[in-house]
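Pasting the structures here.
The two complexes that follow have chain A in common; it is paired with chain B in the first and with chain C in the second.
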Partner chain A sequence: MTSKNGDHGSPQTSSTLKADPKPSAQRVPPPETPEAIQTRFRVIAAFWAVIIFLGFPIWWKTTSIYRAHLPIQEMADWADGKTCRPVFPLEIHVAAPTMQLPESQHLVRTTQHALDDLNEFAAHHLRLKLTNDTETSTAQGIDNTPITGSMMDDAPDTALTVRVVAQEGLATPRSELRADTTQLDIFYPPSQVPIPSSSNPPLSVFIAEELQRLYSEEKATIAYILSGGAAGRDSESISRRLRRSMKYADTYHLSFSLFTPGSAPSSWDIEAAVQEYLSPLLHAFGPISNFTIDTQVQLYATFSPMAPPPVYDETESAWTLKKEDLSAFINAAEWPLNPSIGNGPTLNFILYVPDPSQSPMVVKENRASSWIVPQWGGVFLLNPPLEQAGQSGSQTNPGHITQESLRPAFMTFSHQLLTLLGTPTTPASLPLRLQSLIRVRAATLLLSASSTMGSLARLTESLAAIPIPATVASSVSTTLAQLSSTCSHLREGRFGAALTSARIAETEAERSFFEKSMVGQVYFPDEHKVAVYLPLLGPIGVPLLVSLMKELKRLVAGWKARRRSTA
Partner chain B sequence: MTVYSLFSFLLALAVTLWSSPVSASSDYHEQLFLQPLPQSSLLASFNFRGNTSQQSFDNQHFQYFPRALGQILQHAHTKELHLRFSTGRWDAESWGPRPWNGSKEGGTGVELWAWIDAADDEEAFAKWITLTQSLSGLFCASLNFVDSTRTTRPVVSFEPTGDHPKVDGLHLLHGTLPGEVVCTENLTPFLKLLPCKGKAGISTLFDGHKLFDAAWQSMSVDMRPICPSDGDCIVQIEQTVDMVLDIERSKRPRSNPIPRPVPNEQLLCDTSKPYNSHDTCYPLEKASGNAWSLQEVFGRTLNGVCPLADSDEQQSVCLRVPHERQVFHSEGAVEQKKADGFTRCFSLSSSQPFDLSIPEQAVQTEVALEEPVLHAERTIVGHGQERGGMRIIFGNPSKTTDVDFILFESLPWYLRPYIHTLQATITGPDGVPREVPASELVTGTFYRPAIDRERGTQLELALSVPAASTVTLTYDFEKAILRYNEYPPDANRGFNVAPAVIRILNAPDSAPIYIRSTSLLLPLPTPDFSMPYNVIILTSTVIALAFGTVFNILVRRVVSVDEAAALGAQSLKGRILGKLVAIRDRIKKKETKVE
Partner chain C sequence: MSLLIRLLQALALLLFVGAATAEHTSNWAVLVSTSRFWFNYRHLANVLSLYRTVKRLGIPDSQIILMLPDDMACNPRNAFPGTVYSNADRAVDLYGDNIEVDYRGYEVTVENFIRLLTDRLDEDVPRSKRLGSDAGSNVLVYMTGHGGDQFLKFQDAEEIGAWDLADAFGQMWEKKRYHELLFMIDTCQANTMYTHFYSPNIVATGSSELDQSSYSHHADNDVGVAVIDRWTYYVLEFLETQVTSANSKLTLGDLFDSYDMSKIHSQPGVRWDLFPGGEQEGRLRTVVDFFGNVQNVEIENANATDPGSLKEDLAEIARLVEKWRKRDEEYSAILGNSSQSQSEGAQSHTVQLSSKKPVGATKMAEAGSWGKRLVGLSVVGACTAVWVAGSILGRSA
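Right, the complex of A and B next:
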């Protein structure tokens, strides 16, 4: 082979050999014929043609990964809040059965003016609307569930009905919020009927202030969420409340557990207690989320050896737990508190009956017997009256906990459940709080689904090696469609429908972001490809490249020579 | 079979307890049964049983039923569940028949079978996968590897033990993991399922170090619904742990676990054997039996009683030794001897720890062990990497009765049996083996052939072995070649083949007797795992060589040798050589000048 290596740069050979000054005895080979040069050129060109037109496309086809097209810009716009500015127009019906029509129209107008003056947060505003059929709307108030009500027609949800009634013997107007319906009763002295000429009647101001007060917490919460957690009025308390609450889910699993370090109590009237104390609340939550309930009894549940034991406090005559030690109260390693099977998060409610030797047990700082574990559940310390056990005189816990003694525990659990689900603390009416929760949840879901879209867009941009299956693309388009329908529902005041759309958007967004097949390729590094390709491409590629370069050099030289000869 | 058997006692006890579930609809019961076995072994059989009403089970109100397991079963629509974790081998020749007639034990590793409520096979399989995945997490076992290749649907080998209102919608699925190593991480979740959690009652004796040091152990979890003719249905969970401990081995302190030889003067030699010299000894088992106590064998004492156990069942510990044997027990417990002359039970005090101590004592009577109904042994025969054979030997020790049974084998797909090669050899009482056609012994066959990478072979044979005979069944198989990525990390160890399950049909009472053979190790042709890279390198080299040759022939110019020399001066190599020569000449010149 080496002897044949000599014919590099064949076109030049003839000319350079002639220029050789040394009269050599060596025989110089005859110059190559143009046919031979032509054949070599064709051979090399054929090889390269196969590589470029056959090999390369096949390699490209077989090793490329499928990346479905994603509307990156649109996704990023959602995440940046450019596409949608959520607004919350609340429709409030005003009924004034004791007033003349012009009077009541004037009242509504002036109250709306007063409200608009008071409102400082534009995205959340109240719209008053005069109705006459007061009785039917209030009657609907109880079981007119927000979602079903709005699904049937395109009219906005009625957030509140204000009923303005004249009452004798009053000096100033008085308001009364019914705890079980969405109705606010305003009683006013008949003397204060607004005169059409007055621009700012005291009754309107009163109603406006009442309404403003009713929605102040919700307004602050929504402002906090929309601003992305920026500091504002009450932002500290709102962020604490939001941090505690669970992420929104379709279904929550409620798990009630009785833990005790000894062998008693070993049974409780849990079925009756759940039925009696909890079912009404869960029923009211029906439009927002579903719930499953399971219960268990766990005996011999001791504290973790790491946890600081309770200390006996002489002055309180009780065993006390320090507030900072409460996080170590739950022995996560040994207590069987695994999440329930199925979609949705689990909320754990623990009823802890302390050992007779450590009873009663309270929290040291405030003598409280319950606390919330943020985003996880709640704990209640139940100290039942001890029983004298037989002849030995030692005290034991009762073997069975009755429904009546579970009452305080379940009242606390209901309260903890509301807090964990993120329900606002005001106003006093539960339906109003739930409606408020719907709006807060819709806003949260809208923002979180939008930001997931943004993250997905950034992820697919930054990792060029991950595949994007078609399912992700379809999920993304569903999410975007649902997001815009959420936005329009919000704008038109249909909050129930907005929540439904936002729920779908959030699920689809999560599904597209956590698509399993997208992560597979990330762990296949380029070094592996080199290791696989190099043994083949090295020995084949080098001669091909060298010959290509030589051929090009010859062509360039020939072209130059031709130009020189023409010049 | 006139000899009164421990195991039929256990079974009778179980039957009586099961048959009266109405009186205790949501009760809890636990019992420990101890029996010394020959060769200084001790059988400890723990049983825990909890009931809950079907209604509170459906509403997820769990008291004695563990919540985690209950939710899994509901989620997977599982109506009856049997889960087994086993290690070791039951030595039937020395220890007699199996505890619970084998109904509470599984093959080596993990075995799971369940009746799942589903509309069709596909749905049942999807739920089965849900079930195995969830159980895998709950019990820290690799049950998630029970895929379609390890799942079978036995037809005649298993019967539901619970009462199911509608049977036609139930699908039986069976899966085994013969290679699973059962250890303490499986015991901890097992204990968590118990209401008393190993903190009170007989479960306080469990110590992973002792339990998994046993010569044989089996943990089981059974769930089934029981519907008495009068009254509401209940859901029952039964957990058992059976183990055979070597007393000598267990008594060794953990700080000093190395066995020491018995001093010469304490050696008991079998004098009936001929000896050539005085320095040899055939050791003899002690006639007086070993001295042991719970503290020594289990490493701890029994801590009171689980207060949930029903009060009339206080006799939670029973011991089976002859009545003439001395047994010391700790204060507070009350001993009660049963009329059969061998069993005594103890009522424990709820507050004091309990210990049993049995001294060394020569006794006249021995607890007689019943002969097992059937001996079974299964081995892989043959040699080479391509073919092999399976040999299953059944021995019927009875002089009078035939044994009818069902042999259930689930073989992995990479073991391809040839059922037409099924051959039977029968050795009668005369000891002369003679070949018979397999159809003479096999009364029924259910065979579901394997599909590569999709499902394994399922073979169920109904067989009959005549009295005092030994039957040897053989069939050939072929070993498949696996794909490169189908080999486990320890491929050269071999592949586990699940034990065969034998269900004996003509048991004296209705309760079936189960025997499981040992699991087998199948060596498969195993490649060298650097092979893919070698192949890449080798083929690349060959292709590069061929390509280079062809390419050079096509492209290069052929000249004669002296012409090549002339051309060589022009090439890069030639120029470099020329430069080198020039440098050398210059250096040489300098040297000559210096001289």
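Right, the complex of A and C next:
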């Protein structure tokens, strides 16, 4: 009750008190001492100093994205093909041991003329060079596996050696390509020795046409690649071949698998077979790619339930698979393929030994026993002679496959490997085909690394939010340097060296594009940013700003007062 | 008459051009569910049903990236352990024997998804977890989960925005990681997810428009939750009943025409404008261009003699093998001519090679075991002594 009274009473007392001026003066806070004002100013200034000199830089530093400087324009120029026009001058040595020097010189000159007239694709041209030293040229011809093609010195690689030899009893010139070397023998009737006065001797024309024919496929392929797949001569077959072959990789993984639906054969002489039949080829591929190999044996490997089973053909007395069903032959769901070993793409080679009850097994259409699955691998059906098992008279597969019986399979796998790696089909000499593959691959890699550079340049410009670490910048500069060295190697005809540079360029370009930390995964629309910062900064920002304004007001007022008093 | 013939010619040419540009060399599928927990059973069932379909139409497991954030088959609330069904009739167990989940559980994140698309992965990430597509690959991307206006939730914790998805596809296109891409999404307000795409050769389709929900189709009373979403159900119905083989000629146009709003209960959308030739051209793509797998096997004719044929290659390879054998022989002959000690050295070397034993598990030696027991005993004893001493001292203090 008393308190209530007091409440009622209080306005009364206050009104009575209001009449008295003395107590009201007590209610106004005492004037601030200059020290207090000074202290408050310092406190506010300290807060702001921390914000401006510490908070702001930290915020700036932690939220800004590091973007290394990239030579955007240069990268774009490479991608547009402005920096480098790849050319492929092939150096061909001509040896004419049976001719006089002026005659052979004339022959080379006129043949070169004829070649230049025949050639319609300027980027790829053949340069003839006369060598009198027949001894070395033949030695080189024999020993010239693609690996040893003079990598280190500055001389251009010798693509081909032409030996022009006189032979009695010939009506017209005749050519013979040695299948295991890079040598083309031309035999001509001695009567056709070019006379120095004739401008277009038939022998020159013949040689020029032969050379043109040898390199026509490679030329068409390179033209196709450089034009970016535009339609041209033979573009259908070339694009088919390129589609079938694997994308270039530094390392390929080869996986050899023995699949059989029963319990036998359970072993094979795989190590010896790989060593014997495959390693020469892999060694020959050395300058182009590396290979790793694994093998496996899978017993009781059945077809997938959806695959159409083989049908017994009375006339062929064999179990046959239809061509259109072959794509379902591999039971991708159950057979343990794609082992994901190593870092390269896997090429699968499957040796399938059919069940004794379904042996022999062939493809219906042409009794073939092997096929290629584009960009994946190859399959070979091996039908070993059956063995009688015990007294029951039932037939079984042999328990062990010897190296000799693996021979056809591995020869076929080698062929499939050649095809899957995109080796050109002509000319009919393996060293020449591999050399040709080196040039094709160099062209492909040059273009692909350049286009990656262009992609990276465009990406950097279009995505402002992704970070670009310094490693990317260094990879890019390596790539650009290697690209230009590739280009100059190509111009000077050193294709092995060009491929080496192009391989480095490609690897570095891929590394720069696929840099792990370049993931722009959080796109924040502006309203999201407001939503993040407002709750954080509102409670702190408002008092700070208000106090700053008050302080400024006081300072301005004080300054005005001082000016008035001085005035 | 001549006009008609010319028209036909033009049409034939058009078709031919279409066929020429339609070439692709491989097929990849990225199937993503983004939500976990039991009540989202249907999202995992959606993805698994689609997984089953693309596998049926021929895409091998190595070319399917399956992302499942939860394991419904092993959920304790699952009345049918080890199985997942997308239909109340429970005719098809989607989990089956053959399922390869590439990203599971907490691996399904926005970051991993974007890394997968752009291949910005560590070097030691296995190939099975990578999208190895190239300029010739047709890629199917299917996503399902809970989403909203221009975002899709991942795992109740984060979300992917339409912008990020568009940028990821943009980077894929820049690096030539797809030839054509079909993007399908089943979530609420799904059509907003593909509004920001800018890279060409994409056909996108979604289940519902802005401000529309995407509904589940039906629940299984024994499982206790909804088992599939409507839009996915009808897409699957089309794929399962009409696209019966990998050689089906049905087109994307047919698939999209099969959308029936009265059944789906939301407005599905399709985006054509990124595709060269727009809707007209895009509708001609066959369904199996994206859901199936191209595999044009090439039989090798053992009797053909054209350049590059099997026979010719075999001869060349045989020659190469012969040459190497000769070289080896020469090499060993050189070795044989050299001094006796050296050849002995070589022999011992080969002996060493052949005697290399496979490394097996090592056997525990019996001898040391008593000593070890003694050491252990003494350690235990010392610890006990310390403890006893400590407790006595503590009481006295």
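Heads up, the rule we're going with is that the second predicted complex is superposed on the first by the 453 of 567 C-alpha atoms of A that agree within 3 Å, B and C clash if a C-alpha of one lies under 4 Å from a C-alpha of the other, contacts with A are read in each partner's own complex, and residues count from 1 in each chain.
We adopt the following convention: contacts are C-beta pairs under 8 Å (C-beta built on N, C-alpha and C of every residue); 3 or more make two chains touch, one makes a residue touch a chain.
None of these values were measured; they are calculated from a predicted model.
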Residues of chain A touched, compared between chain B and chain C (which is higher): C
Partner chain in contact with A:M75 - chain B first, chain C second, else both or neither: neither
Partner chain in contact with A:P539 - chain B first, chain C second, else both or neither: first
Which of chain B and chain C A:I293 touches, first, second, both or neither: first
Touched partner set for A:E365, first chain B, second chain C, both or neither: second
Chain B versus chain C as contact partner of A:R40, first or second or both or neither: first
First (chain B), second (chain C), both or neither touched by A:A223: neither
Overlap of the chain B and chain C footprints on chain A, listed as residue numbers: 334, 338, 340
Touch list for chain A against partner chain B, complex: 1, 3-10, 13, 16-17, 24, 26-29, 32, 36, 40, 43-44, 47, 255, 257, 263-264, 266-267, 270-271, 292-302, 334, 336, 338, 340-342, 531-532, 535-536, 538-540, 543-544, 547
Residue ranges of chain B touching chain A (in the complex, touch as defined): 56, 59-63, 66-68, 71-72, 75, 134, 138, 192, 195-197, 199-200, 306-308, 533, 536-537, 539-541, 543-545, 547-548, 551-552, 554-568, 570-573
Complex contacts: residues of chain A adjacent to chain C: 179-180, 243-244, 247, 276-277, 279-281, 283-284, 306, 323-324, 326-328, 332-334, 337-338, 340, 343, 345-346, 363, 365-376, 411-412, 414-416, 418-419, 424-430, 451-452, 455, 458-459, 462-463, 513-523, 525
Complex contacts: residues of chain C adjacent to chain A: 23, 25-26, 55-56, 58, 60-62, 98, 110-111, 114-115, 118-123, 126-128, 132, 134, 136, 160-161, 163-164, 167, 170-171, 174-176, 246-247, 293, 295-303, 306-310, 312-321, 323-325
